[in-house]
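Handing you this structure, nothing more for now.
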Amino acid sequence: MTDGDVFLLLGVGLAVLGTVRLVLTGDHLRRVVALNVAGSGVLMVLVAVAYRSNPEEPDSVLHALVLTGIVITVSVTGLALAMVRRVERDEQDRQASHE
Amino acid sequence: MSALWVVAVLAPVTTVLLLAVVGLGPREVSARGRTTLVRWAPLAVLPAGLLALAGPRAGAVDVPWLVLGTRLEVDELGRPLLLLAVLLYGVALVAVRPGRTTRAPVLSGFLLMSFVGNAGVFVAADTVTFYLCFTVMSLAAYGLVVHENTASARRAGRVYIVLAVASEMFILAGLLLVVQEGGLLVADAADVVAGSEARGVIVLLLLLGFGVKAGTVPLHVWLPLAHPAAPPAASAVLSGAMLKAGLVGWLRYLPLGEVAMPGWGATLVVLAVLGAFLAVPAGLLQADPKVALAYSSISQMGFLSVLVGVALARPDLAEACVVAAVLYAVHHGLAKGALFLGVGVWRAHGAGPARPWVLVGLGVAALAVAGAPLSSGAVAKYAAKQSVGSATVLGVDLALLLPLVGTGSTLLLARGGWLLLRGRRDERPGDLATLVAWSVLVVGGITLTWLLAGRWVPVESVPGLEPVTLWDAAWPVLLGLGLAGLGWWLSARERLPAWAAHPDGRLLPPGDLLVPEEAMVRRLLHLERRVEVAVARARQVLGRAGLFVADRSPSPTTLAATGDAGLARWQVSGAVLLAVLLLVLAVGAW
Amino acid sequence: MTPGEVPVQNDLVPLVMLLASLTPAVLIFFLREEQVRLRTVLNLGGALAKVGLVIWLVPPVVGGTRLEWRSTLVPGIDLVLRAEPLSLFFAGLSAVLWLVTTVFAIGYFEQAPHRSRFFGFFSLCVTASTGIALSGNWVTFLIFYELLTLATYPLVAHRQTPEALAGARTYLAYTLTGGVVLLLGVAWLTSLVGPVEFTDGGVEEVARLAQEQPVVATLVFGTILTGLAVKAALVPLHGWLPKAMVAPAPVSALLHAVAVVKAGVFGIVRLVHHTYGPEVAQALGVLLPLMLLACVTIVYGSVRALRQDSIKGRLAYSTVSQVAYVTLGVSMVSVLATTGGVVHIVHQGLMKITLFFCAGLFAEVLSLHKVSELPGVGRRMPLTSAAFTVAALGMIGLPPMAGFVSKWQLGLGSIEAGQSWVVVVLVLSSLLNAAYFLPVVYALWLRTPEEGVQWHVEQRRERPAVEAPKALLLPAVVTAVLALAAGLLAAAPYAPLDMARFIAELSYG
Amino acid sequence: MSDLLAALVLVPLGAAVVTALLPARAAGRVGLVVALALGAGSVLLALEVGSSGVLEAALGDWSIPLGIGLRADGLSALMVLLTGVVGAFVSVYASGSAAARGGALFWPVWLVLWAGLNAVYLAADLFNTYVALELVGLGAVGLVALGGPAALAAALRYLFVAVLGSLAYLLGVGLVYAETATLDIATAGQRLEGGVVMVTALSLMTVGMALKTALFPLHAWLPPAHSGAPAAVSPLLSALVVKASFYVVVRLWFGLPGADGAMAVATLVGVLGAVGVVWAAVVALRQTHLKRMVAYSTVAQVGYLFLLLPLAVPGLAAPAGAAEADAARLAWSGVAALVVAHGLAKSAMFMSAGTLARAHGSDRLDDLHGAVTRMPAVAMTFALSGVCLAGLPPTLAFVGKWQLVQAALAAGQWWWVPVLLVGGLLTFAYTAAGLRAMFDEPQRADELVELRPVARRMVVAPLVLAVLAVALGLRSVELLALVEVGSVLGSLP
Amino acid sequence: MTVGLVLDLVLVTAVLVSAGLALFVPGRVASVMMFLVFGLVLAVVWARLGAPDVALAEAAIAAGVTGALLLDAVTERPRRGPDRRVGPRWLMPLLGAVAGAGLVVLLGAAALQAGPVEPGTGLGPTVLDRTDDSGVSHPVTAVLLAFRAYDTLLEVAVLTLAVVVVLSLHRDGRLETVPAPGAASPVPDALVRLAVPVIVLGAGWLLVAGSSRPGGAFQAGALLAGALILLRLGGIRLAVPTGRWLRPAVLVGLAAFLTLGYVTVALGQGWLVLAEPWQGTVILLLEAVLTVSIGACLAVLFVAGRRPAAGTGRGEEP
């Protein structure tokens, strides 16, 4: 197992870990965190693949893809957080109005 | 000649249609138009009379597009009967008087329809037309039976229509078999039946089917109900012409003279003899003259059926029997028609100046029916006796048995006459036309039979005027009269039990066998209802059981809905997602 | 005659026939309620046009010409509309009855709401039955068969009462399920032998299938038959028919006479005679069960009809029984029987539509819905009662009404086919028919109305000049006359019987 | 002509920018005009592909696999066409009411979504597909969020689902790239030879996309999202958005070799689809709200689409004349027909449901009493689209279902047939339940809800689509021929 | 055991631990904190794997902006509301463990078997060969803005769309109702004054450097966003546009990119085809615009997440 393989596995692990947490938790905010971890795992798989293909000069295409992935992830995170906060606020307001 | 045919068919049909159409108009117009039509209605049967007179010379007519292809022809057998029908219906139509008869236009209409069917039966040369005409006649007769619309008329109608429809069906089934074997033309039918493998079935079906109309025991039950319920004019044609249609059915379709069917023949003869004799006591116990007359008809038709039965059993005697039957049919039709109409005439004229003539006429007709010497009945009975020859039934010589029918008839007619003479009479004076027409019938009846016997029907011999022959004809009548006198004497001396001395029709109600039959039908219906109730209860129990099961196990829809509600929770659907992912990947790897 | 000998012409006429009712259907939907005249013109125009087309087509088609319009539906399967004897036969029935029913419906809905909806779907319904008639293959048939189901639903539910909706629901549940089963059967058949075009005397490929895989062929037959049997109301799939009685009278009339039930039996004719072919089906052994089924249905329907007090209910069960005659006829290998079955499509249509018109008249004019309410109506509504009587006697099978002709042919055919026992069924059915129709006739004419009955009281004052609105009365009288004429003139050229015999003879080669 | 490909993506994007900058009224006008133009452009593309075959373009003139390719084969063209037609009609519908749009930002979000859809359909590149999918996912979530606070939780759930699905896809892309070092689908297809990696990647991507397509039992997010969205949004989501992820599944299975080695996966997916058909239909029957019922209907309909895999995959490796190959082609054209049919009918159904809800102030079935007489055209639309969804003849879905049944029989997989048939019946059952509520007429008129006026175009637009869905059933040859352009399965005889 | 391997093991452990804690530690605040740590460790991993561009982006975007977003959110609601548990307490963890283990095994096995392709056949070498044709010298930038410019365009569209959707959660799609921190600024004034110029400078450098070495518009934009957020938190309301300039600022990047495409088509070159000798300059200009726009977008995402003033939330549409 090469060092690339290690990171490849690590990426897979992170992706699975994040996904499992994402779908099983009941907390919106932690879902966002889990989503980011899972996303990072997937991106790590890409980077590891780039690294494995040629450790000296990793594939720059994959790096570009990962960059794109990061931007997309942050977009999603921003949107998700805005919505989470709004949902939780609405819940809170609803509870407040109930009491 | 085909023009005559067209006129003969269209005249009555058009009249009926006109009666119906005029009836739709405004009340005034309707009443006036209908009265006129009813007055002239008797003329509508005359073209058919011309056809009868023309006989075979009128030729056959083919109308290939009508129904399933129609062929009409006046043959030797049909000719006298057609004439009989024309006469009877003509007179009956005359007897329908607007203003006197209830709903005269309706009665006229039904009489005309009935005539079309009845005459059609006699002249139909193909089976479909025969059946068509038979049905038209049967249905129109229903209108005649229920015309008075009294409770008894409706009951009679009900019984009649049940039997009529049933008979239609037997006939239909029988005729289907006949036609399928190639007997589409009436002329071929007997041959075909004789050669058919299903001969037994066909004969059975036809005996049953036509037997209803012919009043064969035990299918006669409608007769004693229908005749008294119907207006006299209707009773006349019912008894005079329509019963003969059943006879014609037999004569046309049974393989008479082609093949010997002793079993069926004997059966028919036995039934016929039973009818001929049992009708006598049954009729004697009635309180209504028309019922007595009806039983007389049953008795007479029994006589006629004997001839058919003999013909069926003995091909060698068949030809003679058929001729005798036709002759007898004409005679009886006219005489009985005269008697039934006479009931009306008597009621109308019995107190008036025509009283003697009415009495004479009634007597003549009655004697004719009884077969008194010199009457038409004598001719017919003579012919019958000749044709039966040496045939026996259950070891009894028919030639010995048949004259006794005359005795029975005499008794019945005496009883009927007694009841009639003592019965009610109309207040209003009767009208002349009916009287005249009736007279024509009485006179014509006697003369015509003689005439026919001599000219149209090739009877081997007509009765001569020898004393033996006269005595042969006279003794049954005399015996009957004697018995009648004895009965009268006994009842006058109060030597008889009350039920026999003053029968009121309660001991043996009109329709005799009908009473137990009706009871049986009622019981069957009751049984059916009970079965129905039981089924419903079973269904209920089963349904409850089903509900029980349904209660215990959740329905699939509930299951899905509950499941889906679970999936709506994030974590549950998340877990499901993981499971699916794992499953798919595992399956893929494997 | 083999298909090769028949000159087939590509022609738009079949399509035009379809459009003759589709166009009014679509246009009418867009009309406002009050545009009565335009709607009437559209309705009657379409109906008359179609009758005209049928009349125009009959002589050339009988002469051997086949007109055909095709359009590819999916690769390998065409939408085929074909004018050939059987299709014209059925299309003619639907055209004529549509015309009279339209007149009736115009009168019936004179002031009612939602007329545009009604007539729109009504025309659509007729489009579907025309389509069924003209279908040249199973897929086309299927399409119109389902269209019929759907177009009829709003008609059955028209009144929008809970009962109407429940009835319509039952109707839909039954017929759609039937449609699905039919789809299954047709798809199965197609996958086995390719697209099946209706051919006189059966399709060769199907015959080969029957020879090579008799079990499969039997199953396919059974599946298609089951799909058709729902609409044909064969026991035990008849349950929808009595419930669909909640529909307005013109709908019931059309439903029972030409549209739905007839579509079912028409399909059975197509199945037995133009797909498998009578001999092949006979050899396969599927005809006897079909015959038994038909017989059971005939008797069962009649028995049930006996117990119905509702006029329409009685008529409905009568339909169950009568329509099975057609099935019976086509399930016997005999030209005569087939003729009888096929001709009964028209005869039953004429008689039953008359009865429903009359039921509608009783309901509309005097608000009478039950047999027990009918005593004495004959004097108040003589023409209606007369029409009813004519049709009822025809149903019993008494000559010279049309029903007799059918029954006669069927009887002869059953003997010819060596199934004489069927005569017993026919006779029994006739007796039962008589048992439930004659009391009605008797009540109409002979019984006196009960005291205090509303219409009877009115009658004493002033009888209206005509017993009922003409638009209602006329169709009933016309169809009654036609039912009588179909019997009286049965042997005339181009009469239904003549056409049916022609069709049957083609099927037997 | 190949410029048209990128234009179909970049023009709506530009229009989105413009509409985001303009005031609401002007934005509406621009949006509508662009929508109609896009509709026309889609038709143009379909005609072009239909007549001259597959269209290809490399953006920026960078040769593939270095650059990103755009490719329009028959399937792409069909999807773009569906999007164009439905999109144009829904845009017309949306222009009829502000409430139907949900908010001022409807137009930019919708136009971006449109661009994203076209981008998915035209992408010839695995990663480009991912980005386009994100565009679609975020756009769809944004549109749901326009439904207001009540829809927000559903939108949020949708967001997580969409992103999770995309991530699974992206991981799959990583695996494929590791094997092939290319992102171009065609090139990857040439380099791959099947095997565990391939199957795993395919399975992973399929599950991800199935999640976004709402394949049973991954569908729980869909009903609240689709029913909670504004009136003009629900049709877009149900008719178009779920199709994008399904399209990706098709592309992968039929674009990457070795899929025939994954028959077990295909069957499993088919089973899930089949269960979903029945399950969702049964649940739909029990809904008390019209839009929710329609949303469940989408779940059921999606199930049909996935039957493509078990029916067509065996045909991929089969020799030309084999029954499997025939079955595959039949299934291919059948599913294409179903996709289009569902797109047209479901959008019509959702639009009509939206109109009804708008007019009655609620989409509760009990509030819709009397709709048949008061809003006949809308009820008719609902009925027609229900008929089409149920696959009854003569609708387009019938054609699709017919082909699928034929395919199942040809492939010897008869067990799908009952599903296809029963599913249709159930579909009609819930349509009828909806109709029944509309037919129900209370005794007194004042028991009815007072109607709010609705714009005429909100009645007409769905009606036209519904009629189209029905009419296409009678003439679908061109459509079915189009979908065979460039298909790996070849064309039907 | 080489130093590299030890380092790798440390890294892997750090990643796993930080990720595990971020995911499973009780309490939101701790989770977010651990996530920030995770982001930083990740940046090191990217660098270790020879992906400096990614490392920079991770540091700037994932750790920076995402961290800021999460922190802001968790500050507003440090504890979550009551949550209904599904099934027994052990059920979900067990399920997660089983499923997770299975997935790791299956996916990991496949991933390990995947590739690697033979050196020289992949896209990497081709990119290196063709970088010079693109007008920039850094291969990653060449991929992003030349070879796969279409991806980048769509990516910008994704970001823009996210912002637009977030805006749609506010009334009229504007942010004026979100209160800016006034005197009670959470960020010390001095820090703002010191840090912002540095950050902006860094952003400018990253932008320019991107054409030849790691860096580029996204990293620069992220930095810019950080600066803008700091400014706003420091009390300078106008740092992040919320009113009239809000949408132009957000949309300008996408608009510029699209305009470039339209112009190239209009010039008859085809979509996004840049010709010599202008391509380098055009790319740089485009990147500059993108930087501004991305900065604005990310900053707006931050602002838009905050609670609007009471009663000014997006109400029901009429």
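We call the chains A, B, C, D and E, going by the order they appear; numbering starts again at 1 in every chain.
Methods note: a residue touches a chain if its C-beta (ideal position, glycine included) is under 8 Å from a C-beta of that chain, and two chains touch if they have at least 3 such contacts.
Model, not experiment: these values are computed from the prediction.
Enquirer: Spell out the chains that contact chain D while also contacting chain E.
Expert: A chain counts here if it touches both chain D and chain E, which gives A, B.
Enquirer: If each hop has to land on a touching chain, what is the smallest number of hops from chain B to chain E?
Expert: The fewest steps needed to get from chain B to chain E is 1.
Enquirer: According to the touch definition, list the chains common to the neighbour sets of chain C and chain D.
Expert: Both-contact set = B.
Enquirer: So which one's got more C-beta contacts, A-D or B-C?
Expert: B-C
Enquirer: Going by the average position of its CA atoms, which chain sits the greatest distance from chain D?
Expert: B
Enquirer: Averaging the CA atoms per chain, pick out the one whose centre lands closest to the mean of every protein CA shown.
Expert: Taking the mean of C-alpha atoms per chain, the most central one is C.
Enquirer: Hey, which chain ends up farthest from chain A, C-alpha centres compared?
Expert: Result for max centroid distance from chain A is chain B.
Enquirer: Using mean C-alpha positions as chain centres, tell me how far chain A is from chain C in Å, no decimals.
Expert: 67
Enquirer: Could you grab the centroid distance between chain B and chain D? Build each centroid from C-alpha atoms only and quote it in angstrom.
Expert: From the centre of chain B to the centre of chain D is 77 Å.
Enquirer: Suppose each chain is reduced to the average of its Cα coordinates; what separation in Å results between chain A and chain B?
Expert: 100
Enquirer: Centroid of chain A to centroid of chain E, CA atoms only: how many Å?
Expert: Using C-alpha averages as centres, the distance is 12 Å.
Enquirer: Hunt down the residues of chain D that sit against at least two other chains at once, touch-wise.
Expert: 127, 131, 134, 138, 141-142, 145, 152, 164, 171, 174-175, 178, 181, 183, 196, 200, 204
Enquirer: Provide the list of chain A residues touching at least two other chains, using ranges where the numbers run on.
Expert: 12, 15, 19-20, 22-24, 26, 28, 45, 49, 52-53, 59, 61-62, 65, 68, 72, 75-76, 79, 83-84, 86, in rising order.
Enquirer: Going by the contact rule already set, what residues in chain B reach two or more other chains?
Expert: In chain B, the residues touching two or more other chains are 569-573, 575, 577-578, 581, 585, 589.
Enquirer: On the basis of the stated criterion, which chains touch which? Give every pair.
Expert: A-B, A-D, A-E, B-C, B-D, B-E, C-D, D-E
Enquirer: Could you list, by residue number, the parts of chain B that touch chain D in their complex?
Expert: Interface residues on chain B, with respect to chain D: 556-557, 560-561, 563-564, 567-570, 572-573, 576-577, 580-581, 583-585, 587-590.
Enquirer: In the complex of these two chains, what residues of chain D are touching chain E?
Expert: 3, 6-7, 9-10, 13-14, 17, 20-21, 57, 59-62, 65-68, 98-99, 102-105, 108-109, 112, 115-116, 119, 127-128, 131-132, 134-135, 138-139, 141-142, 145-146, 148, 152, 171, 174-175, 178-183, 195-197, 200-201, 204
Enquirer: Touching chain A in the complex: which residues of chain B?
Expert: 570-571, 573-575, 577-578
Enquirer: Once bound in the complex, which stretches of chain C touch chain D?
Expert: 29, 71-77, 79, 113-114, 117, 139, 142-147, 149-150, 157, 160-162, 165, 169, 172-173, 176-177, 179-181, 183-184, 187-188, 190-191
Enquirer: Show me the residue ranges of chain E that touch chain D in the complex, using the header's touch definition.
Expert: The touching residues are 106-107, 109-111, 113-117, 121-124, 126-127, 130, 146-151, 153-155, 157-158, 160-162, 164-165, 167-169, 172-173, 247-248, 251, 254-255, 258, 261-262, 265, 269-274, 314, 316-318.
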